[in-house]
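Both complexes shown next keep chain A, but they swap its partner, so chain B is in the first and chain C is in the second.
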Partner chain A sequence: MSLLSVDHLSIGYQTKNGMLKAVDNIHFDLEKGQSLGFVGESGCGKTTIGMALMGLLPENAVILDGHIRFQGDDLISLTETQWQTVRGAKIAMIFQAAMNALNPVMPVDEQIKEAIITHQPDISKTDLADRMKELFDLVDIPARRMKDYPHEYSGGMKQRAIIAMALACDPALIIADEPTTALDVIVQDQILREIKKVQEATRTGLVFISHDIAVVASVCERICVMYAGQIVETGTRKEVFKSPRHPYTRTLLNSYLSLDNLNDIRVPDMKESPDQTVDTDECRFAGSCAYARGCAGRSPDWIDISPTHKAFCCNPDVIRRGHGKS
Partner chain B sequence: MAKPGYILLKLVEVGIIFFVILTALFFLFRLSPGDPISKMVDPMLTPEDMAHLIQQMGLDRPMWEQYLIYVKNFFTGSFGVSFHYGEPVATIIADKLKWTLLLFTTSTLLAAFAGVFLGKIAAWHKGSRLDNVMSISALVCYTLFIPWFALLLLWILGFKWGLFPLGGVLTPALWISNASVVARILDVLHHLMLPLLTLFIINLGSYLLLMRSSMLSVLREDYILTARAKGLSEKKIRNKHAARNAALPVITSVGLSLAFSINGGALTEQIFTWPGIGRELIFAVSNNDYPLAQACFLLIALVVLCANLIVDLLYAWLDPRITY
Partner chain C sequence: MEKADSKSRILVEMKQVTKAYASRKKLFTRSSPQVLALNSIDLSIAKGEVFGLVGQSGSGKTTTGRLLVKLESPTAGEIFFNKTPISQLKGPGLKTYRSRVQMIFQDPYQSLNPHLSIAETVLEPLIVQKIGTPDTRTEKVVHTLDTVGLSPGEAFFNRYPHQLSGGQRQRVAIARAIVLEPQFIVADEPTSMLDATIAIQLFQLLEQIKETFGMTFLFITHNLAAARYMCDRIAVIHDGHIVEVNTADNIIRHPEHPYTKQLIKVQPGFKYTR
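Coming up: the complex of A and B.
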């Protein structure tokens, strides 16, 4: 039994212009201790997946279809009260610290203790203190800073505190939504190492969401590339990063600046994202795709490249040929 | 927790501002039309008596000396004698102040607590019928014209139904007789009800609306999402994480309205013949009772400053970011 199994999941937002399908027929599994990254541009639906896994979708969101099975239980049918026993205890979320993710008028330790006490109301004072010390050690925040307020922390420390909060109850699954996006590269690197270290030490499942494919590749064993609500390519880190097959993944990697391609940056000519309120089977990327040959009007299909690597495209030749990095 | 250094800084600030006001007031009264001598000394007196009086009042001294005496008198608590009552101003003010404080602190605090509580609920159930009913009623209360509403309550509850006395703070007959303390307290409360109700209803509207909008913006904050993600119950998120942050603007508002109730409540006091400072100030100014008016002004300044100080300190305690 997988730790997490998401099956044909579709999520829509009720908007003025009709139902916007933010997540369209998503399918993935995650085993205990594994890490899976979701990468894609803003609005591709990656955060919606994260929120659905936490049962924290906004009010206008509707789960249209599919299942989310976590340790064998169907999460979609949970009531709010049942969700409260899952959130923080079995599934926890690492938010972006640059957002106001910590309550400004509560000391940091109080906020983390709160997570523990909520799920273990009978915990003794000494056990709680021990656990707090353990958590702060784990994320490398000196114990003397525990009682400080969030505004007394640096950006990196806040992010560490948020990681500690997510780990507080030893969850089986952690969802990290853009956890390093607002940090400078050095702190970002430290935090990514921290997340990886902690995840490997605790054997927690990790769903990592980022717009930055390099960040995702540095943390996750497997990567899902998303475009307009759909997964368009999935594979191991090496497969997706070193030999991208789907035209969108190639575009994403090409727009990435590196010392090797400084003179050869081909920022793709991306059209506006497709209108997701229109329900269609046709390829959503065709309008911006450099490889599109008579794709309009055709439905893409999953094309296997290896047992772990596959891409969602109308054009098997383009996918199988494999152009390396360009 | 507010740091001692911060408290000291605030106290020094208040001290300086008060001294500036004290000085400004001195010159303001000297600048007002007509010199104090003609106001204070009866022109029917003989020139010798006049000269004697002027000398006795220190009005023949140079301005700077008068100023120093004025400052010294303030700090020794002698505000002079009221022209009208012929009693020390300090005694009069102390008597009036207690009634003003009783009415306005009670009504403001009650309205603030009720407003925070109801506003919190309204925001939490945003868009529901409960929210609509509360918001619209609050808006109506908020826009009520105080004198009209006060007279309306006075007419219906006081005059037509006879539930409450029409004015004053006590029944003289009861206080002359040797009634028990409980009976006296009940008598004051009975008199307090109508003005209290008027101010409570009017203030409640603004506090409810303020809390509601503040709460709505706090509920959109990321730490509310964090609290949800921890698995906290809705009630805990609402009361512990959202309401505490949302109540901060209400506290400022309470502080300011308490500060200005001393003079701003003059209308209400007038309608209910409530013997408070606001009514006294109007009386003192219209009767050229300079020592009394001057003391009233100083008192208002002092209360505004103190209320601000309390709000500052309370804020520092509630929001740790302030002291930095």
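Coming up: the complex of A and C.
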């Protein structure tokens, strides 16, 4: 049994222009101790997936179809009271804005203790103190800084405290939504190492969401590339980054500036993203696709490249003909 | 570095510029402790050059940008623009300076006034500087919007910032900066809020603008890869000091200062997959 298994999941938002399908027929599995990265640009639905896994979808969101099974239970049918025993205890989240995710008028250790006591009301004082020390050790914050207020922490330390809070109840699954976006490169590097180290040490499942492909590449073993609510390519880190197949993945990699790919940079001709209130089976990326040949009116299909690597496209020739970062 | 300077004319020069901010005054102490955001920095930017300023948050890179557009004044030292010191500029002189030096801010969600339409936003600098007649101004705005890739310009006239995507908003901010055809533009992390595919298109746009108008740019960023892509020369700033200046290629290939080496090491890339 997988730790997490998401099956044909579709989520829509009720808007004044009709139902906007933010997540469209998504499936993936995650085993214990594995890490899975979701990458795509803003509005592609990656945060909606994270929120659905935490049971924190906003009120105008509707789960249109599908199942989310976590340790065998269907999360979609949980009531809010049932969610409270799952959220924080079994599934925890590392939020994006570390600056705002901590309560400014409460010492950091109190906030983390609160999370533990909520789920384990009977914990003894010594056990709690031991657990706190263990957590701060794990995220490399010196114990003497435990009682500080959030404003006394640097940005990186706040993000570490958030990680400690997510780990407080020893969850089986952690969802990290853009955990380093607000940080500069040096601190980002430290936090990514921290997340990786902690995830490997605790054998927690990790769903990592980011718009930054290089960040996802540094943390996750498997990657899902998303475009306009759909997963368009999935594979191991090596497969996706060394041999990207879907035209959107290629576009993304070709436009990403890093120190070792400057000569391969190509400026894409991206059209506006498609209107997701229109329900269609047609390829969403066709309008901006450099490889589109007679794709209009056709529905894309999953094309296997290896047992772990596949892409969602109308055009098997384009997908099978891998030439690295084309 | 000397080579580049002696060959071409220097447009902007900072000489031993220091900027100190007073931190919060403690009770019963006479002098308030100071935080040195910039510690005696020297910098010269040649005409037509794209100059990169790279550093982590708190290094003083944004302070440098704000000093250059005279949103703030240095505590010590002098900034020269076309060999003229700018510290004494007041009234009409300052107004002229503002028409020659413009800034593009980091966050397109905050740098545009939500109450002004796109036309009003781009028109405002022309009105303030009393350039042209109402008819020629409108024409200029349409033309500028076309230049930044918001075409047809008329279609964006009556739209408001909230109706645009992040990339389009940043294009409006660029239009507002170039409508006066300034000589020098300070771009402070113009793409850090945007996705890679959008960012690369904006870089291309800034390059086109540079080619068309021959503008000089100070490009402030924490992303060394972006700086290398955009810039002729790069200065690395750390704790208010400029630790290294070199051509973009040399700074990446042959970094000398340990801090530059560290920055290169932590730069996200696909090294993990190789």
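Assume the second predicted complex is superposed on the first by the 318 of 326 C-alpha atoms of A that agree within 3 Å, B and C clash if a C-alpha of one lies under 4 Å from a C-alpha of the other, contacts with A are read in each partner's own complex, and residues count from 1 in each chain.
Basically, contacts are C-beta pairs under 8 Å (C-beta built on N, C-alpha and C of every residue); 3 or more make two chains touch, one makes a residue touch a chain.
Fair warning: this is a prediction, and the values are worked out from it, not measured in the lab.
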For this session: Superpose on chain A as described above, then tell me if chain B and chain C fit or clash.
Result: fit
Exercise. Which partner does A:252 contact after superposing on A: first (chain B), second (chain C), both, neither?
Worked result: second
Exercise. Can A:241 be said to touch chain B (first), chain C (second), both, or neither?
Worked result: second
For this session: Examine A:186 and indicate which partner it touches, taking first as chain B and second as chain C; both and neither are also allowed.
Result: second
For this session: Tell me which partner A:105 touches in the superposition: chain B (first), chain C (second), both or neither.
Result: first
Exercise. In the superposed arrangement, does A:82 touch chain B (first), chain C (second), both or neither?
Worked result: neither
Exercise. So after the superposition, what angle do chain B and chain C open up at chain A's Cα centre, nearest 10 degrees?
Worked result: 70
For this session: In the overlay, answer first, second, both or neither for which of chain B and chain C A:15 touches.
Result: neither
Exercise. Once the shared chain is lined up, is A:151 touching chain B (first), chain C (second), both, or neither of them?
Worked result: first
For this session: For A:115, select first, second, both or neither according to whether it touches chain B, chain C, the two together, or no partner.
Result: first
Exercise. Which partner does A:280 reach: the first (chain B), the second (chain C), both, or neither?
Worked result: neither
For this session: In the overlaid three-chain picture, find the nearest pair of C-alpha atoms across chain B and chain C and give that distance in Å.
Result: 5
Problem set entry | Residues on chain A lying within both footprints (that of chain B and that of chain C) | none
Seminar exercise, completed: Touching chain B in the complex, chain A uses residues 54, 56, 80, 83-89, 92-93, 95, 99-106, 111, 114-115, 118-119, 149, 151, 162, 165
Exercise. Which bits of chain C are touching chain A when the two form their complex?
Worked result: 56-57, 165-166, 195-201, 203-204, 222-226, 228-229, 252, 262-273
Problem set entry | chain A-facing residues of chain B, complex | 221-223, 225-234, 236, 241, 244-245, 318-321, 324
Exercise. Residues of chain A touching chain C in their complex?
Worked result: 41-42, 155, 184-189, 211-215, 217-218, 237-238, 241-242, 251-252, 255-262, 265, 267-268, 270, 272
